[in-house]
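Structures given as structure tokens follow.
One chain, chain A, links the two complexes that follow: it is found with chain B in the first and with chain C in the second.
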Partner chain A sequence: MLLLDFLHTQSAHCESGVAANLLTHHGLNISEAMAFGIGGGLFFGYLPFIRINGLPLVTYRAAAGHILRQIAGIPGVCMVEKKFRNRDEAMAELDHALAASIPVGLQTGVFWLPYFPKALRFHFNAHNLVVYGKEGNEYLISLARARFASGALAPKGKMYYLTQAPAELELAPHLVRGIQSVCKMMLASPFPLIGVKGIRFLAKRLGRWPQRLGREKADLHLGHVVRMQEEIGTGGGGFRFMYAAFLQESATIMQEPRLQECAAALTAAGDTWREFAAMAARICKKRGRPEDSYPAMVACLNRCGAMEEKVFAELRQWARQHS
Partner chain B sequence: MQHPTSDSTEKIPLPADQGITNGLKVMSYVRNDSGKYELTPDFLWQPVSVVNHQAWEEIAKKITAARNKVEAGRVSCLHYYMIANQMDPGLVAQYTGQPRWKVWLHLVPFIFNRVPADTLRKYAAMYKISLDDLRTGRLLAPFTMTNNQE
Partner chain C sequence: MDPLQQELLELICTTCNLHDVDLASIGPDDPLIGPDSPLGTDSLDALEIAVTVQKEYGVRMDSENTSRVVLQSVTHLADYIKANR
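On to the complex of A and B.
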């Protein structure tokens, strides 16, 4: 048995949690929300051509690895990232890093992780976790499987660890940069499936689901959207609340009441997302109230889009003044 | 006991629904009374369990349909295991390193009976069942849903 001296803090989202934990291990104390914000983790994308369990991918966060890559770009932080073709090689490399007492982040497919709750073991391949010790052979076999899960977003044995992190970090420029990158994604993407445009696109499509797919399948699609939004790991409200927490923290650091207002506005947007999810859940359960309907949900989503557009426009302006 | 994970598996009472998390610790960002966000454990929002339940009901429906099809002799037992583990032929093909069309063929009972042992072993290892189960066409619950595995 091998266990590293690693202080683990429970987190709401896997990737930002991993990033915060790895940085903290290297002596840079950072909260999860901060890591999420600096890493530019917020996103929206409706990508119907990628299927998860036969349902279209809706994502409320940046692609797996985005946060870590952004954080690795901070001067003074050195991150090693590796992908593998060969399973034995990948596991040997992991052992090697652990033997050198380096905690390692892995991308895995949750279906193969035995510790994962039964009800969440779907074929979803973008779960990040930290390995900071090992024990038991059985477990390692599952882990090897999980690291080489196939299907959409296959991890290909990806592992990463930090070799260096600064002890002190001036957060201000990095959080401005993080905010800028999120604003760019949300407002200025040329693709109609991404950002605020993506929310509106989803709204449009969602309104047509009952006619196109039939009631039952439409409800399944709807449930999937909500699952992606509220599943454990999102911090609730499709990461909007977590980002609002980051904005609040930034407001304190920068002494900036405008950010505080943005946080409040984003919270309102998150609440609207929740309103949508609650309505969707009632419809999925076939216990809809009289005012629940697909057109009502479309209106709700459009409201979310409008609110987020306003928040990120404001944030973009703020970031421009501070960069 | 396992350590190398990012989330501990301590048993904690959940206010909303025990069934979903199955004892996994949950953290969320929740506002406190003054509107400030705090990382709060044990907070689970009700509609999540509704939609999760919906997803699993759909899977259960598919599994029952697959079982009936196998018992009627229309498909091989590989079809049942594929569906029970939420896979499709493409995914099975990727995991076992075979072309897709071969997996498609293996879903036909007549062809499945002639599949070489090496290939069967790959399937058995993937679904964590024995070679014998596949050969005799025993339909066991998928390993993710039973407790005594791994």
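On to the complex of A and C.
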């Protein structure tokens, strides 16, 4: 049995969790929320031209790999990334890294991971995890098939590991940069499907679904939006809470009460996303309350948009003053 | 089952409109969500339960992983509420 000296910390989101775990392993102890914030992980995009299980993609966080790329760009951090066409070669390279006592990050397909309960398996190919040991042919957290899952976002055996991280890092400039990049996406994207504009676009579309698609198909689309929001690593409410935790940590580092206020406001936005999702779930389950309706969900989404617009406008102003 | 566990089970059944469930037949360690659950609930129900728990007890389940762990059983849920409220 090969087991690396690796302290695995449970995380809320795979990519930020892997980033924090790998950095911590190299002696730079940062929280998952901080990795998420520095990595500019928060986002909103309603992308009807990309289909997941035949339904439009709604994402509440940055594209897969974005956080890791931002982390890899920090001065003093060296990350090696490899992709493979050949499965044996990919597994041999993983073994080679483990033999050299290097914990390895992998991109995998959730459907093939044995530790996921069957009921929760679905075809999502951008799940990140860390391999930190091997027993016989059994990897501690991994499976060859999961590395070569096919379909959208196919991992192609992608593996990555850190060879170096700075012993200490002055977080202030990185967190300011992370905040700026998220503000830009949320407030200033020229595309109407991205950021606050995208939230409002989704609200408008969603309000028309019952007329355009018929009630049954509208409810199907609605269920999909909720699942994308709360389940499959795209989680809306959850990511808002994590970003709020990042802002709270940043407020302490920067001794800045404005960030604390933004954290509270973003937590409230996360709660409003959850309210929307709960209302949508009740409608899908045909147990709506008298106040539940498509127009009420539109209003709820518009409230989310307005709350996030206010938070990110404040953050953008703050970041300008500190860059 | 302790009083909080019993109360939570009733709350879940009310939230999810589960009127034909025999509460006495549910064990404290039975899974709350998924095909193995005697309640027959799914992930959309899990979301509603998480929101209801937050409203009733002021305890937030921050992420999908947290709710996945917490909603394993009524014992887990009651322990999480006791530890966080």
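Annotations
By our rule, the second predicted complex is superposed on the first by the 311 of 323 C-alpha atoms of A that agree within 3 Å, B and C clash if a C-alpha of one lies under 4 Å from a C-alpha of the other, contacts with A are read in each partner's own complex, and residues count from 1 in each chain.
Criterion: a residue touches a chain if its C-beta (ideal position, glycine included) is under 8 Å from a C-beta of that chain, and two chains touch if they have at least 3 such contacts.
Since the structure is predicted, the reported quantities are computational estimates derived from the model, not experimental observations.
Steric overlap between chain B and chain C is present once the structures are superposed on chain A.
In the superposition on chain A, contact is made by A:10 with both chain B and chain C. For chain A, the partner that touches more of its residues is B, with chain B and chain C as the two candidates.
In the superposition on chain A, contact of A:227 is made with both chain B and chain C. Once the two complexes are laid over each other on the shared chain, residue contacts for A:86 go to neither chain B nor chain C.
By the touch criterion stated above, A:18 is placed in contact with chain B alone, chain C being left untouched. Applying the stated contact rule after C-alpha superposition, one finds that A:284 touches each of chain B and chain C. Of the two partner chains, chain C is the only one touched by A:238; chain B is not. Of the two partner chains, chain B is the only one that A:264 touches; chain C does not reach it.
When the shared chain is aligned, chain C comes close enough to touch A:275, but chain B does not.
Using the contact criterion defined above for the overlaid structures, shared-chain residue A:163 touches neither chain B nor chain C, since it reaches no partner. Across the superposed pair, chain B and chain C both touch chain A at residues 10-12, 117-120, 223, 226-227, 230-231, 235, 241-242, 245, 274, 277-278, 281, 284-285. Residues 1-9, 19-31, 35-37, 39, 41, 43-48, 50-52, 54-56, 58, 85-88, 91, 94-95, 144-145, 149-150 of chain B touch chain A in their complex. For chain A in complex with chain B, the touching residues are 3, 8, 10-12, 14, 17-18, 21, 31-33, 53-54, 111, 113-123, 128-136, 138-139, 142-143, 150-151, 219-220, 223-224, 226-227, 230-232, 235-236, 241-242, 244-245, 248, 264, 267, 274, 277-278, 280-281, 284-285. Per the touch definition, chain A reaches chain C in the complex via residues 10-13, 117-120, 223, 226-227, 230-231, 233, 235, 238, 241-242, 245, 271, 274-275, 277-278, 281-282, 284-285, 287. On the chain C side of its complex with chain A, the touching residues are 16-17, 33-36, 43-45, 47-48, 50-52, 54, 60, 62-66, 68.
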